[in-house]
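Since the structure comes first, as structure tokens, the remarks are kept for the end.
The first chain written gets the first letter, and so on, giving A, B, C and D; residue counts start at 1 in each chain.
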């Protein structure tokens, strides 16, 4: 199962790239995606308490079960306007 | 003592003219001005409960004592905006 | 908006009153505004000064049109600038709310039923104007 | 404003966010906005639909700029039209307040002290970006 992950703002900087393509052999969640990213970029870990999750452009839960080709985004506190 | 009186909107229509020049031999008030106008245009009387008074472009009391050359205005409920 | 822009402003809130094609369920063809112009200007200035005293704003501007206005025309334009949005909104709301009760301007509506002065929320039939 | 004008609207309230030359006492030279554009659009649409469900409004429009903005530039423009002023103000306030907490857009400030991501009310130092 492939999952596309997007990172923004401070999370993008901490990860070093704006997106990642992950593969899972078993059911996955945004939390599992984040763990995989933290293996690559451990400094992401510190941001986790401040991040929200979106799945397919909707705010979602960290433990929501993902479907193939879902798009997961990690969203730092927003500051638009 | 000369007093200039201005009338607006429905009060202007009831009086038939937008202004009047009044003369008083003794101390006068906006209420006294209004009485004089009502002699000329009795249908003004019915509007009195809805009117506010201004003296020299400031809201004022009906019984405020006027000075020579004061400008008195009778102000129906406003509806700007 | 240009009248209130500045480098220290982060928020500009504006209000435009426009001429509606209906009022209290009746059709409106056009409006006429009458004002006690000199007093309207000084009352409006007072209202803006009161707003500036109560909220931290960096600028405010207001303009009311008088005379005949057609449907869709802007009758009143207000703008308030502030470093932050909350004072801009609150000051703007104060200015328009106070304007509507204090600033000596009157509106007369003309529609299929004739011409009516608007005084607050009620419709008052207009008497024909006698010749001067 | 043009986007929300209509003959039935009597009130148009607008809000413009502009780039300030200071933030939390620090000088700002310029801003950069980043957005999750597709989601930002759909969140903003949701917010406007919620506002239209809660208040009687006849139109609403919003536009957020992204990328680098200079002092005085408009970053966000919102307009709400309604027959009456109260719903226009309340809906406008709702849209901007919700936008500020829900719509995925981020602001990075650059000033004499360097570059900082703005996350709510606090300043967070930015890490240098590693090469991709």
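Going forward, a contact is a pair of C-beta atoms (placed from the backbone, for glycine too) under 8 Å apart; a residue touches a chain by one contact, two chains touch by 3 or more.
In this text the structure is predicted, and so the values were computed from the model without any measurement.
Visitor: Starting at chain B, what is the smallest number of hops through touching chains needed to reach chain D?
Guide: Graph distance in the chain contact network comes out at 2.
Visitor: Can you give the whole-Å distance between the Cα centres of chain A and chain B?
Guide: Each chain's C-alpha centroid was found; their separation is 72 Å.
Visitor: Taking each chain's centre as its mean C-alpha position, how far apart are chain B and chain C in Å?
Guide: Each chain reduced to its C-alpha mean, chain B and chain C end up 24 Å apart.
Visitor: Mind checking the centre-to-centre distance between chain A and chain C? Centres are C-alpha means, answer in whole Å.
Guide: 50
Visitor: Multi-chain contacts only, two chains or more: what residues does chain B have there?
Guide: 81 - these are the residues of chain B that touch more than one other chain.
Visitor: List, in ascending order, every residue of chain D touching at least 2 other chains.
Guide: 17, 85, 96 - these are the residues of chain D that touch more than one other chain.
Visitor: So what shape is it, when you link every pair of chains that touch: line, ring, star, complete or other?
Guide: It is a line, because the chains touch in a row without closing up.
Visitor: For this entry, which pairs of chains touch?
Guide: Final set of chain pairs in contact is A-D, B-C, C-D.
Visitor: Could you please specify the touching residues of chain C with respect to chain D in the complex?
Guide: Residue positions touching the partner: 1, 5-22, 71-72, 83, 85, 88-89, 92-93, 96.
Visitor: Name, in rising order, each residue of chain D that touches chain A in their complex.
Guide: 17, 33-36, 38-40, 42, 64, 75-76, 96, 99-108, 117-120, 124, 126-127, 129-130, 132
Visitor: Taking the touch rule as given, give the residues of chain B at its contact with chain C in the complex, in rising order.
Guide: Going through chain B, the ones touching chain C are 6, 8-10, 12-14, 16-17, 43, 50, 54, 57-59, 73, 75-81.
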